[in-house]
């Protein structure tokens, strides 16, 4: 699934660079000071926006968006149905020895095997879900913030260029190139915001919703197992979370 | 109902093309590289925004927006009232053999016939409703995302054109046409966003709300049937969901 | 109350037309193709946005915004207090014969007179309230959509005009008038959006909130009557919904 | 507290007028037809947006924003703690004779003294709080609406001016002044929106939140008094609503 | 953690000033009247927007954003687990003598030691949490308001400059510099909004969420201690609030 992010980034920058090369004037689109003021200004304002640890945490989160290996929700349903069967045949305590890959599901099952009340298990699992969402929202927030700041910094750079140009109108030949350079910061800001920052913020949001869905399936599944519901009821219930479409394409 | 989407798309593009033809310069509005950078850039950034399977799922969802055959809510009420009558005359188990077209309603009725508790039936049906909404939101999100990206890509294309033009002001005669070409990407982005992407996102939202309404009627209806309520009470209750206006025009 | 809508529309267009006439060049502001592309494009995209039956329903809803006769909330309180008195003196069954003008209140009272449980009456009345709100939201949505599309279509028209103009710069004398015509679509879009579509969407929202308030008063009132509360308690309770200001100006 | 509104309005207009006077061309900023189209158009569209009685009610609400005398929340806590003491020493009925300045608190206390159930008192008080909020939202809505309409009307005025100017380019000397006049409507719209309408809408929102806080304190306080809680518990509970900062600066 | 804010502000202004100096025309970017109209206008409209005491409170809140010393959430969990142990070994009353640094936690523990009911303790703690959030929202609101007003005041300043310039087009040599000065207010407004006001509003929001998280941990922790839950259960429950990532980087 990481392929989509890579294809998108490569394709987006590829198209823009190709368009520039077709104009026959690629050199005119590279201006290091303009890059520095847009990206530097965006990062500086991001530091004012977020605590240092949120920004560091976001780097990890962004990596996840590219190298994330998505779980198959049908697998989760199968695992939990298996647990329900074992719990009915043997006992809730027997679940303790079942090897479970997913850390979150494992924690819930261990709480059940320990004999915790259903309300306690659900409460612990829901708190973890809520705060997973909140942490993901922070990561999305950093990218959304940069997506808002990059065009603003682009505009600030263009204003600096325009003011400089307007105060030196003696040489008419220099007006065009000066204005071209002034527009470059707006261009950089628009590209960074619309090809990188805003789309990655959105992908993190999608990932977070997917994770939340999986965790909700696990919460309901663990509760069903604990109540000793029949495996086929458990399956019916959990498959309600899955659209036919989702299963076919996963 | 798919007619409105078709009329709208044909009418919108027809009007814009007619206006262009009236200007007597239709050739000046076709520029393949501009089309490529706007549409290609929009799709590339959409790939960064959404997981591959969400994008694939969206294509199906968009087809639905055009070829969807809407149910008549009055029909649903009639079907459920019929079930309520049968349940009172015979028994809940007898519902198992009633042929029901709608998959969702059928699932709920089978759960009732199987003797599941009211809370379980409602919980399974509500989970399916919630996740139907969530999946639809994703499809709308893809079109909303493209509706936001297309004008941005249009602006990026125009900035590339402007920078190229400003660095070649020697030939005054070329300035006008160069700027005209630069504006084309903005034009393409605005048309794609406002005639296609944003309106289709909105139609998907409308469809999703309609589906959700039908499913809510079915949830309440199945619960009423299960509680053995009198068919006329069931009818009263379910018709509260339907506005007179909705019935007349359905 | 429809007077405000009429005054506003007449006043808004009157002011704009007067300003144009004062410029001594009214003919320059009329361009039929520009009107067609802006209004036609807006309606076409609206057809993509909404199902046909929602659009048809909206026409009725807009009429309501102009010819609506608002109820006096104090009247509603008085009617319900009267019902509470009758219910205490005679019986709930006696309410069946009381003539009630408002369809919604009548339905609730008949349910009470029929001996339905309080929960059922409230549930039916609340479902109707929720779906009244949802239907009104759709009507507002159509006008909000047109308020968003009109300026976009205006911009698309202006871009067509600019591209045409920029490709024909040979005759300097034609540049000014050509650009003037190009700007007309932006002008039309801005006027339609800000004088008609957005304000009417807002008025429909206000009407919907008012209707919802009246229906909430009726729900609470019917419940009080059913519980046999003392008429003075009913009055106290229902008047909490009414601000002194609302009563004085109603 | 009304001082802030007055300082802000005088300061804002003072600064803008001073800046204009420093340009040595104050006469060029006064254009009566421009004022009329911006303000008139804004008011006309506001009439389409809101029912007449909402607009009239808003005038009173705006006056409140300037001449409002804020209550001291510590006073409210003190008053309610006093009531709790009296209720414990004497009886709930004795509260009837305590003089209470605030109408809302008085109504709640009288209901308690009359022996109404706790649920009824809370329900009446909460309904009044909810509808106070809704009425205030309407007042804010009118100012928010005008804050959105004023720049739009400014843009419409500027478009009219530009179209007029572009159709009369023969005399180059008149282009500058004509464009200056065209920009005035945008200027007026921006000033009205950003110095008057949007800030006042925000202040009304702040006031509404403050009122709601006071009313929530009163609801909890009246409930505590009715349950016969110890005055020191009542004080502890109600002071949780007050930040140290709020108390220090009130 | 205050380091990020300082780095961001110094870095952002440093980059912008360096870019200006590289243009070799730094003097052209300083215009005192422009600074006065943008900042003064922003502050004036802020006074119309907010009550005086909210503005004063915001200054303190902003200081906090820079000099704030964040608590370690793991410390909070450790403290509460310690309290749970003490409560089980000794008694709830014994908690009264435990020295607790955090004022909020201390208040909750003292209420428990005093023998208040669990519902009362939770209700007092939650009210304080809700109103902490509301006060923080006000502080963020002031900065958000200034972030919206600064660019608007910049635009108003630019409009004044443009109108002045357009009415004095006789001397072509003065047009460039006059327009440069006119653009300065837009430049100042964009810098203040995007480097200072909007980012600080966001940081305050982040801080508020962090504080709220800590307070929620304390509420759940105090409730667990009061119910006499086993310290290891308390630890399990509270650690669900903490992401592994959060613990590692705190």
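Which chain is which? They are A, B, C, D and E, in the order written, and residues in each are numbered from 1.
Everything that follows uses one rule, which is that a contact is a pair of C-beta atoms (placed from the backbone, for glycine too) under 8 Å apart; a residue touches a chain by one contact, two chains touch by 3 or more.
Predicted model only: the values in this text are computed from it and were never measured.
Engineer: Show me the overlap between the contact partners of subunit B and those of subunit D.
Structural biologist: Common neighbours, subunit B/subunit D: C.
Engineer: What is the touch distance from subunit B to subunit C, in steps?
Structural biologist: When the steps are counted carefully, the minimum from subunit B to subunit C is 1.
Engineer: Quick check for you: after a Cα superposition of subunit A on subunit D, what is the rotation angle, between 0 and 180°, in steps of 5?
Structural biologist: In short, 145 degrees.
Engineer: Do the two copies subunit A and subunit B share over half of their interface residue numbers, or under half; same or different?
Structural biologist: Different, since under half the interface numbering is common to both chains.
Engineer: Roughly how far is subunit B from subunit E, going centre to centre by Cα mean, in whole Å?
Structural biologist: So the centre of subunit B lies 39 Å away from the centre of subunit E.
Engineer: Express in whole angstrom the distance between the two chain centres, defined as the mean CA positions of subunit D and subunit E.
Structural biologist: That pair's centroid distance is 24 Å.
Engineer: Among the residues of subunit C, pick out those that touch two or more other chains and give their numbers.
Structural biologist: Touching at least two other chains: none.
Engineer: Give every residue of subunit E touching subunit A within the complex, in rising order.
Structural biologist: Contacts found on subunit E: 1, 3-5, 7-9, 11-12, 14-16, 19-20, 22-23, 25, 28-29, 70, 173, 175-177, 179-180, 183-184, 186-187, 190-191, 193-196, 198-200, 202-203, 206-207, 209-210, 213, 220, 233, 236-237, 240-243, 245-246, 249-250.
Engineer: Which stretch or stretches of subunit B touch subunit A in the complex?
Structural biologist: Per the touch definition, subunit B meets subunit A at residues 33, 36-37, 40-41, 43-57, 60, 111, 116, 120, 123-125, 127-128, 131-132, 134-135, 138, 141, 145, 148-149, 152-153, 155-157, 159-164, 166-169.
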